[in-house]
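The following pair of complexes shares a single chain, chain A, combined with chain B in the former and chain C in the latter.
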Partner chain A sequence: MNIFNLINALPGAVAQGLIWGIAAIGIYITYRVLDIADLTVDGSLGTGGAVCIVMMLSGHNVYVSLLVATLAGMCTGLVTGILHTFMGIPAILSGILTQLGLYSVNLKIMGKSNQAINVDKFDLLVSLRYIRDVVFYKNTILVVLVITLLLVAILYWFFGTELGCSLRATGCNGNMARAQGINTNFSKVLGLMISNGLVGLSGALLSQYQGFADIQMGRGAIVIGLAAVIIGEAVFGKVFKNFALKLIAVAFGSIIYYFVLQIVIWLGIDTNLLKLLSAIVVAIFLAIPYWKAKYFSKPASKKEVKTNA
Partner chain B sequence: MLELKNVSKTFNAGTVNEKKALVDFSLTLNDGDFVTVIGGNGAGKSTMMNAIAGVWQVDSGQIIIDGADVTRLPEHKRAVFLGRVFQDPMTGTAATMGIEENLALAKRRGKKRTLRSGITKEERAEYRELLKILGLGLENRLTSKVGLLSGGQRQALTLLMATLKKPKLLLLDEHTAALDPKTAAKVLETTQLIVERDKLTTLMITHNMKDAITYGNRLIMLMDGHIILDISGEEKKKLTVEDLLHKFEAASGTEFTNDKAILG
Partner chain C sequence: MKMKRKIATLLVGVMCLGLAGCAKKEGYTVGICQLVEHPALDAATQGFKDALTEALGDKVVFDEQNAQNDSNTCSTIVNNFVSKNVDLIMANATPALQAAAAATNKIPILGTSVTEYGVALGIDNFSGTVGGNISGTSDLAPLNEQADMVKELFPDAKNVGLVYCSAEANSQYQVDTVAGYLTAMGYTCKYYAFSDSNDISTVVTNAAAEMDVLYIPTDNTAANNTEIINNICKGKIGIVAGEEGICAGCGVATLSISYYDIGYATGKMAVKILTEGADISKMPIEYAPKFTKKYNPELCEALGIKIPDGYEAIQ
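So, the complex of A and B:
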């Protein structure tokens, strides 16, 4: 357990955390803003990765590939949205159905269960290899940071528009939204599309970063995303009140998650157990607000809840 | 202004829980009518309002608002015509959004929501003025989250939102029932003020017979999905609670058993 091994691994953890942070921001939009637990993401992350790698392999420019990967992600959100609103299937089940279908779709896109891309032959935007010994503007950490800030700025603007406000109202109180003339079905579909677009983009960046896309890459994405959301809120929730800052907190949460993961790996814990650990940690964090309300609330705060009801 | 023609709605049809909530229900409101609605629990009052608002589709019949047949329109499209305040103060507002943001949402009722800013500077000034008529000091808390407000404050705000864009029809479903008597009186007062100022056609459900008599120019009583009493004009002005109870007994053949309504 050489401490230098850990320190060496940290920049990579930051880069990976930031890339996953974009997916986590997408998950924040469905989970926190729209109040939907969307399991599409486990499939759409892979879709983004597959589309991006296959497009680049067939000679497309990296930016075009990223854009198409994002659009592909949005399409997956559209499918879930239609299943949920038009066909009346519960949101969780809609996401699971899309996710399952995407397994085949992603295989078809790639033609096999994984596709590698050589960083020496292709002009990638981000890569494992662009962490150290690279001119600063090509540094993956900086590149992803800039992309994240750009996305946060766009989302902050969007959720302040009339349309964005109608999405927030839909997630907060559907009855109220409809009474004010908002088509809540449309809001949900749009929200799912935006969310999965971000997840697709994240998957595209991730596949470039690791140098391949594979059929398993999105597995557990929802849990990692939720972990990032929850860690971000736990650590920064008290100070970050503004919507843009809340999104940034999610990105930070994702970095922290990958930091902790690196430490766990460094400690020599069996990596086969990582998913189990993640699931347990997320389960506990999801339970905390419930436990707090049930066992630890002071009489005063209980009364507050009641008068609000 | 409003026409319900032979509207029927049965919940859970064909099951043991089958409930005929509205039976061949017809009602016509004239422009500027302020109609109070009373009736025991489960009489179908809320169901009548939900039918008008389009919460679900009715089984049969026709609903016409201001000459437009809205029978098949979804809820969010009917919202153009309607202002609604609900019994539960939580229902009418978005708790995680600010007071001004809630008002801004209401201001855009019936308009296409675009990528323009969700709230403008001029609007803020306008809302500050509007909130003053509530007399609750909300004009100084424009950015406060609505979740922090009391039930009465939320109902008053919902009322303002419902009438911000003059609705063709204002629907109030026991909007003061969850409030303490003092707050309820205040919200009712504001309701009267706004309805008179904007000459709104209004349907107000209440459990309080006194209020039903005091407010409005017409009173209807529902039972088992039917209108069993319909009193307006001079007759309504002279009405007392005792009269109403006698009329109820005569019309229904049973004694009125809602203590809350008598005592209230």
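So, the complex of A and C:
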């Protein structure tokens, strides 16, 4: 039990957290902005990973592969959107259906259940290997941080445009948005596409980071993503009011989630309890805003907290 | 303010304690990353630990972690090992090995319960030695002998159903290879893949109705669900299994390897690397030292199969 081991392990946790943070930002867009619980992500994360690895194995450039993985993720969002809007299936079910179907799609993309990519032979953008002893501009943490900031900047700009505002309006109050002449179905589909595009990109980075794409890699992604969203809001909610900062808070939330996980492993707690501990961590962070509002706020600020939540 | 200062003092105290614990201990630390709780993988880990403890006694300390069948957690665990700078990593099952290979090219990595290292690590023209910092043991039982076993026990059968989980790369490799041997022997093979434990009953019911005999490779999902398979197949159709656990649950016969043995062999490799300074990059992948033909008396009787000589009954 050596504190330096923990400190040494933290960069890895930060890198993993940042990569998942991109997926979490995607989940934030559906869950918070559009007010849809989108379960497509459990499948689209794997799709992103599979597409990226297969593209790279067939000799494509890493950036092209990432772009195509993002586009593939957007397609999965499009499918969920069409199921939801055009076919009238409830959002949560549409997501589950797409996720289910993606298992077969991902299997066909890779041709098998698990495809490795050798870090020594391919020029990967991020890898578990590139955390220590590399030149600083190849460091995974820096690379993913730059990508995250870039994405946040683009999203901040986009949600400020007329189209982006209509998307936010759809999530806030669908009826009102429709009354204003916004095509809410289009907004929902677009939101789902953006969200799953980000998740696909995250999956692509993740598969490079861990050195393989696996058919099971997306399993439970929605839980990790929601955990990141909720932890980010619970910890930074009071300070970060601006939309861009809120997105960054989500990425931080993801890092905190992996910090906790790393500490649990460092403490040598029985790893059989890992899933239970994850559930407890998420439950506690979910409860914090509720308790704060219920027991610790003065009556005057009570209203404000409620509207924010 | 006072409170804050107290907390700060406390924190500094804790960090000093951490420093005190930092003094380098004599001996070796070995990190073990196992994919999932599972009788076969547990046996391999146990064999590995026994071999090391026999050779090194108290000088070896194990840091044993289980990823709960979540490949992302493998990365987290391995990252922890690399930052602790353990002397050796033992990766039990394919995703654990892949995560370890991505994490370090310095710390020696020994894999076990991995069927095909070339497939697992994306190496073309795999020659039997991985090179670099990786070696280990394979759980592959000779697949041609398993195909022979089908012929020996079911001479009248024509159609063989291959039942496996589509999420497992190892299983895919085995059924592909076995299908090759069986087709060459004149059998017709059909694949029956299920995606998780929820599909098993539907897929196996179909397979049992359409085929004359079934084959199940060393598939983790099948191994965890032998009860369902047995309920469908008992007395109706015979199953040749890739490993003893599956055979004991629902199979008629198997060509068995002992996961304890391959774990033990991995442990011996670890001893060579740690104490004798053996070069891991030159160590070829090792296979199970012996194979035993085994049969399940209860299920053979239910089907009225006469077992030839040379088979051992599973207890």
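Heads up, the rule we're going with is that the second predicted complex is superposed on the first by the 278 of 309 C-alpha atoms of A that agree within 3 Å, B and C clash if a C-alpha of one lies under 4 Å from a C-alpha of the other, contacts with A are read in each partner's own complex, and residues count from 1 in each chain.
Going forward, contacts are C-beta pairs under 8 Å (C-beta built on N, C-alpha and C of every residue); 3 or more make two chains touch, one makes a residue touch a chain.
Given the structure is predicted, the values throughout are model-derived calculations rather than measurements.
Peer 1: Per the contact definition in the header, classify A:N183: touching chain B only (first), chain C only (second), both, or neither.
Peer 2: It touches chain B, and chain C stays clear.
Peer 1: Between chain B and chain C, whom does A:T161 touch in the aligned arrangement: first, second, both, or neither?
Peer 2: first
Peer 1: Mind working out whether A:N173 is in touch with chain B, chain C, both or neither, as first, second, both or neither?
Peer 2: Once the two structures are laid over each other on A, A:N173 reaches chain B alone.
Peer 1: After superposition on the shared chain, which partner residues are touched by A:K275: those of chain B (first), chain C (second), both, or neither?
Peer 2: A:K275: touches chain C, not chain B.
Peer 1: In the superposed model, which partner reaches more residues of chain A, chain B or chain C?
Peer 2: The partner that reaches more residues of chain A in the superposed model: C.
Peer 1: Taking the superposition on A as described, I'd like to know which of chain B and chain C A:S58 touches: first, second, both or neither.
Peer 2: neither
Peer 1: Which residues of chain A are in contact with chain B in one complex and with chain C in the other?
Peer 2: On chain A, the chain B and chain C contacts do not overlap at all.
Peer 1: Given the complex with chain C, which residues does chain A contribute to the contact?
Peer 2: Residues in contact with chain C: 1-5, 8-9, 12-13, 16, 57, 103-104, 107, 112-121, 127-129, 131-132, 206, 209-212, 214-217, 219-220, 224, 258, 261-262, 265-266, 268, 271-272, 274-275.
Peer 1: Taking the touch rule as given, give the residues of chain A at its contact with chain B in the complex, in rising order.
Peer 2: Spelled out, the residues of chain A in touch with chain B are 158, 160-166, 168-169, 172-173, 175-184, 307-309.
Peer 1: Going by the contact rule at the top, pick out the chain C residues touching chain A in the complex.
Peer 2: It is residues 14-15, 18-19, 21-22, 37, 63, 65-80, 82-85, 94-95, 98-99, 101-105, 119-123, 132, 166-169, 172, 195 of chain C that touch chain A.
Peer 1: Would you pull the chain B residues touching chain A in the complex into a rising list?
Peer 2: On the chain B side, the touching residues are 53, 74-77, 79-80, 82, 84, 86, 90-97, 101, 104-106, 108-111, 113-119, 147, 150-151, 161.
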